[in-house]
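Chain naming follows the written order as A, B, C and D, and within any one chain the residues start at number 1.
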Amino acid sequence: MSKGKIRLGLIGGGANSFIGPVHRIAAYMGERYQLVGGVFDVDHKASMEFAEKLELDTSRTYSNIDELIEKESALPAHERIEVVSILTPNFLHYPMAAQLIKAGFHVICEKPITMKASEAVELEALIKEHGVVFCLTHTYTGYPMVRQMKTMIAEGVIGKVQKVDAQYYQGWINPFIHDKEKRSSIWRLDPAKSGQSCCYGDIGVHAFNLIEYTTGLKVEKVLADVNTLYEDNPLDVDGTTLIRIKEGVRGVICASQIATGEENNIKIAVYGDKGGLFWEQEHPTFLTHLKEGEPRQILKPGNPYTSDFAMESTKIAPGHPEGLFDAMGNIYAGTAQAIRGEAYRDGAFPNVEDGVRGMKFIEAVLLSSRNGQTWENI
Amino acid sequence: MSKGKIRLGLIGGGANSFIGPVHRIAAYMGERYQLVGGVFDVDHKASMEFAEKLELDTSRTYSNIDELIEKESALPAHERIEVVSILTPNFLHYPMAAQLIKAGFHVICEKPITMKASEAVELEALIKEHGVVFCLTHTYTGYPMVRQMKTMIAEGVIGKVQKVDAQYYQGWINPFIHDKEKRSSIWRLDPAKSGQSCCYGDIGVHAFNLIEYTTGLKVEKVLADVNTLYEDNPLDVDGTTLIRIKEGVRGVICASQIATGEENNIKIAVYGDKGGLFWEQEHPTFLTHLKEGEPRQILKPGNPYTSDFAMESTKIAPGHPEGLFDAMGNIYAGTAQAIRGEAYRDGAFPNVEDGVRGMKFIEAVLLSSRNGQTWENI
Amino acid sequence: MSKGKIRLGLIGGGANSFIGPVHRIAAYMGERYQLVGGVFDVDHKASMEFAEKLELDTSRTYSNIDELIEKESALPAHERIEVVSILTPNFLHYPMAAQLIKAGFHVICEKPITMKASEAVELEALIKEHGVVFCLTHTYTGYPMVRQMKTMIAEGVIGKVQKVDAQYYQGWINPFIHDKEKRSSIWRLDPAKSGQSCCYGDIGVHAFNLIEYTTGLKVEKVLADVNTLYEDNPLDVDGTTLIRIKEGVRGVICASQIATGEENNIKIAVYGDKGGLFWEQEHPTFLTHLKEGEPRQILKPGNPYTSDFAMESTKIAPGHPEGLFDAMGNIYAGTAQAIRGEAYRDGAFPNVEDGVRGMKFIEAVLLSSRNGQTWENI
Amino acid sequence: MSKGKIRLGLIGGGANSFIGPVHRIAAYMGERYQLVGGVFDVDHKASMEFAEKLELDTSRTYSNIDELIEKESALPAHERIEVVSILTPNFLHYPMAAQLIKAGFHVICEKPITMKASEAVELEALIKEHGVVFCLTHTYTGYPMVRQMKTMIAEGVIGKVQKVDAQYYQGWINPFIHDKEKRSSIWRLDPAKSGQSCCYGDIGVHAFNLIEYTTGLKVEKVLADVNTLYEDNPLDVDGTTLIRIKEGVRGVICASQIATGEENNIKIAVYGDKGGLFWEQEHPTFLTHLKEGEPRQILKPGNPYTSDFAMESTKIAPGHPEGLFDAMGNIYAGTAQAIRGEAYRDGAFPNVEDGVRGMKFIEAVLLSSRNGQTWENI
């Protein structure tokens, strides 16, 4: 069924990018992608240097997205870039994705999908219309034990879900936020670059996504209290959100970037009427299963007792840890299956629906907060 | 300064009591109390048998609180019971405490202090009027590492507090709640016995108390979404509460008794502009100190680097765990200091103010929830 | 069956004792002992003051053990001290125990039982001859999860034992050992006070005892490499011991008092052909059960799935930690059952056989080490 | 200084290989290698299919190592394979490495380096003679926190080392070892394929290597008790080794493949006179620093407080876990620096000296054990 390696292009992710290596390594890992070109940097000279460093064919290093689309579209189908990963600043995700989709390219897009929910909805329609594959890199869904959690909940192992608690705590904004000059210099706190939200847009939405991913349920409405900490700071850096989920299940999403000293402490607990499941990213190979009336269990990847989905998402024997790159690699692997028209599992990669849900969530959180804590539907 | 052992009486805590041994052991531990009598059981015969089992002087085993007060008051001061621990069902705490205070006895009272906040306020006035010592057993404040946390925050180690997150998750109601007959048979879910609230009255209030205890700050207002899970269940079994603290600090209190498989998972994280502190009861001898820009630290009791307060609350060398009984023992020890007129530290034992705060918190949580998530002042 | 509270005497354990409170609290906990007198201090005045502080009848505070035995023996049986806890320096354990046993007193003795194995053997004979109860306070055997481990292994849950690994690491000698003056001033490093061994006598023997306690197997022979670190230091402060257990099972005991920064890190892992069990004292309420081909389990005290022995050794609901005092309390409780002629479980308290085994182990370790690592039978 | 990507060949690692993906991903990660050809499988057809799957130029897929050497050597220098990774069964490591070195290829070799120590010594001489780079994949040395440990010890953070304890426990042989037929069918237990040792050759040597790597000290002599469990089983599956290190430091290495339920539980503790350091692979992003008289610290990768070496070995922000592939990637990265003649840090990749030390260690362990536990020099 394979038609050789998938030809991958990148927009962004050049020399000093933090996220660039994550995507490239994820693409290399499964040996299903071949990086052939792109626009690595807004500065074309830097872009060319980067291509040379990677020993790419520099004739396919373009000065901008228009050129990329034009020149690649002119190539024969079996040479043409098939999928483009968008790693640019947030405000460019939407227009670039739209342009690429219209031109028939598959897209892998960094989070947030767009600046507004309405744009995500538009992308959803475009994707449907053009029949391309779209992957949104909610990386945490790529961890084997998150996938194990999803399968176990779907199989009823913890019974009917009755309570959900997800948290994403970071502290990285703390050293900047208390100084007026410093905080005004951070792009994440600049609405023009970052969008409507900092804390919820960047990390709260991951917690939200994990909830919908693992439970298979949809959050119906939210009530949020976000905090900018200083009046002259336009964007949220912290906040708690009450959630109501379909079928009467309730829960909470806690997010903060001023939880001083925290790194990437994202965790999720889901409780049902037969048991609970708990996972935290900083110990990603340990999934705790709380069982009503029995000893709690610790599940670890690579073991025969894990689900097929978790097992397929693991490359090494039990007890050898895999990490964030491996999680992203699993998402790239799922996307490759979709691009090649192969069967793939539900949850193999986050898609535009996750993007639409996430943007609606963010907007509902912000609206609720602006309104002084009202319930807002998603 | 000591006038010998403090003569202790008990009301409740007889043969099948869960909490009785906790109090007696706590009283024995510091060797400052002598159990001399009380009303151990509503059934006087059972009460007498219990007294005999403990080899107490059965002439001081009374049939009810009136008799206790009358007979003990008639004894010479140096023989008379000095302090009474109230371990009865919730609805009896208030009237019994009031009666004892009026009669000049010091009181140690199980939580909740009363059924209503107004009653707690009345007790506060009575205590002031009669000049007695009143201890409310918020046991978790007795753990050395909680006291260490309080001291460190007071000393500014984590700087100005900016975010607070406390949680108390249990799962014990899960096996009962889903069956109509079972859930109607639990006294905790019967308002007549349990009071206005189950989850917040029993455990949410502990999380609230830990916040005020460790930070020294007062929660100003709350917005809560509590859950009874079934319409015919009158009391909350779960719920999340947004909090606003004086000086603009925000946070969250999560509480649940349907977090299936959880036991007594109470934890607290406090973040300031210089660092954070994290403690959880099920690993009580480990206090995590997150430091801005430095490795995180783990503090353990009994070490010279701990505060005087923590050190005085530790009876054994580092690495030998102490537990819940030891925490309660520390509270009894602090109460003994107050009874004997000795100097004692701020926080040595929870008192009526904690009780008033707690009841106001519970009522605000319930009101907010009934009103469909309004902000309510405490 | 009970004949009232057991009358307890203490030798040692006065004002500045570290271990005194552990024993008294353990005795109070189960409400089966009444402290009536003893020799609390070599200085009789200090002893009297201590008795007064505890509000004991000072007529039963004796100036020495001879007086205690004489005067108490003269009392009527129902008033007489029944059991004496020996908390004196190591070299006094044996003569005092012997004297008390001969006089018909039950004895609770701190570790090490004697200075030499031969003395322990003599005690064993004396105990048999005089029909008294003898308890040796290997405290760690009192933890509910250690007892759970013993039961599970006995019931075959992990199958046939094939590998054992026990460790006791402390660091407390490190700050003293590197300075000649300091190290010569520590009583633990003075053979006259401490006995033949420091590290193995004090802590290695605990690891050994945990192995024999939990597995029910006997260590057959040992080969050891102990370290004094400095030539002028007469006693071991560190060392590793290879062990061979009956039926061909092998393992290792690691002990150190120069494991800088360690506190009381005693742990034990036992592996059988169906699974393994792992426990560590600094997280005493978590027992890990590694199962062949299944997720690992975490067992916690107070849960219905624990053994009767573990459940009886737990005083509180699951998730409320108990610690070292509670472990010692369980040992005192078992001893009380024996003293009162009640049925008690195998392992309810460590006895003279454990003492004999421990002393033989220590001597074999030292001999092996002196001989340049020979195998020595226990 | 770079001369483009390093041309990499592989021997072994084809379709069903467990270790193949680890090496390829490690090579891709740093974007310094280009896989150009090799001998992927003993079966040439399978080898060709594998090359096609990876979209390699099949003209450089060779039927055996002789052909590879001949044909590649005939290519111009700037096209020729520069380094070959040897992923074949153990007994082929030595002859293939020797052949490649003699032909002037750099070599990356899976562990064990050879079947005998004498062969490793020969390789060492050959490498010197031919001036090639040789990397032995002791993967655990690639973890950032292991490198942090090495730096901290070198910088004297824990003072003079006085005690070392390393362990590698697995349980994977347990399900096979107890059945005669099953155990005779495992290649790891077949001396012809596996070499002189199973447990020590495969995993004990990793623990040994971690000790020498992190401390910078050399183990002088060993005394070991290895266990085959059954008489008809020719190779060790378990064993404990006492070690004496230069300058009088002692320690222990524990290894087992019958520690039922363990996965890849390799850990190391090193204690000095100022503190201790502890790391375990299954939680690789947490390094515990025990400090004399201070709270223990937890160091995590990616933080500014980590050493340059650790920081260079980390690709992502703190709190995002990296795992085994990333560790191997770091080793490939160090090897690339050496191949390109760039400066590289001490410890950037394990080399032939590590291989010689490891083989001598294994032989000394086996000799000691055969001799009934004698001390053997390394």
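Here are some notes:
The rule is short, and it goes like this: contacts are C-beta pairs under 8 Å (C-beta built on N, C-alpha and C of every residue); 3 or more make two chains touch, one makes a residue touch a chain.
Here the structure is a predicted model, which is why all the values come from computation and not from measurement.
In terms of C-beta pairs in contact, the better-connected of the chain pairs C-D and B-C is C-D.
Ranked by separation of Cα centres from chain C, the top chain is A.
One simple way to say how far apart two chains are is to compare their mean CA positions; for chain B and chain C this gives 34 Å.
Chain centres here are Cα averages; for chain C and chain D they lie 43 Å apart. Residue positions of chain D touching 2 or more other chains: 262, 293, 296, 300. Partner chain C is touched in their complex by these residues of chain A: 289, 293-300, 303-305. The touching residues of chain B, counted against chain C in their complex, run 4-5, 18, 21-22, 24-25, 28-29, 31, 34, 53-55, 170, 262-265, 281-285, 300, 302, 315-326. Partner chain D is touched in their complex by these residues of chain C: 158-159, 162-163, 165, 167, 169, 171, 174-175, 178, 223, 225, 227, 229, 238-240, 242, 244, 250-252, 254, 256, 258-262, 269, 271-276, 290-293, 296, 372-373, 375.
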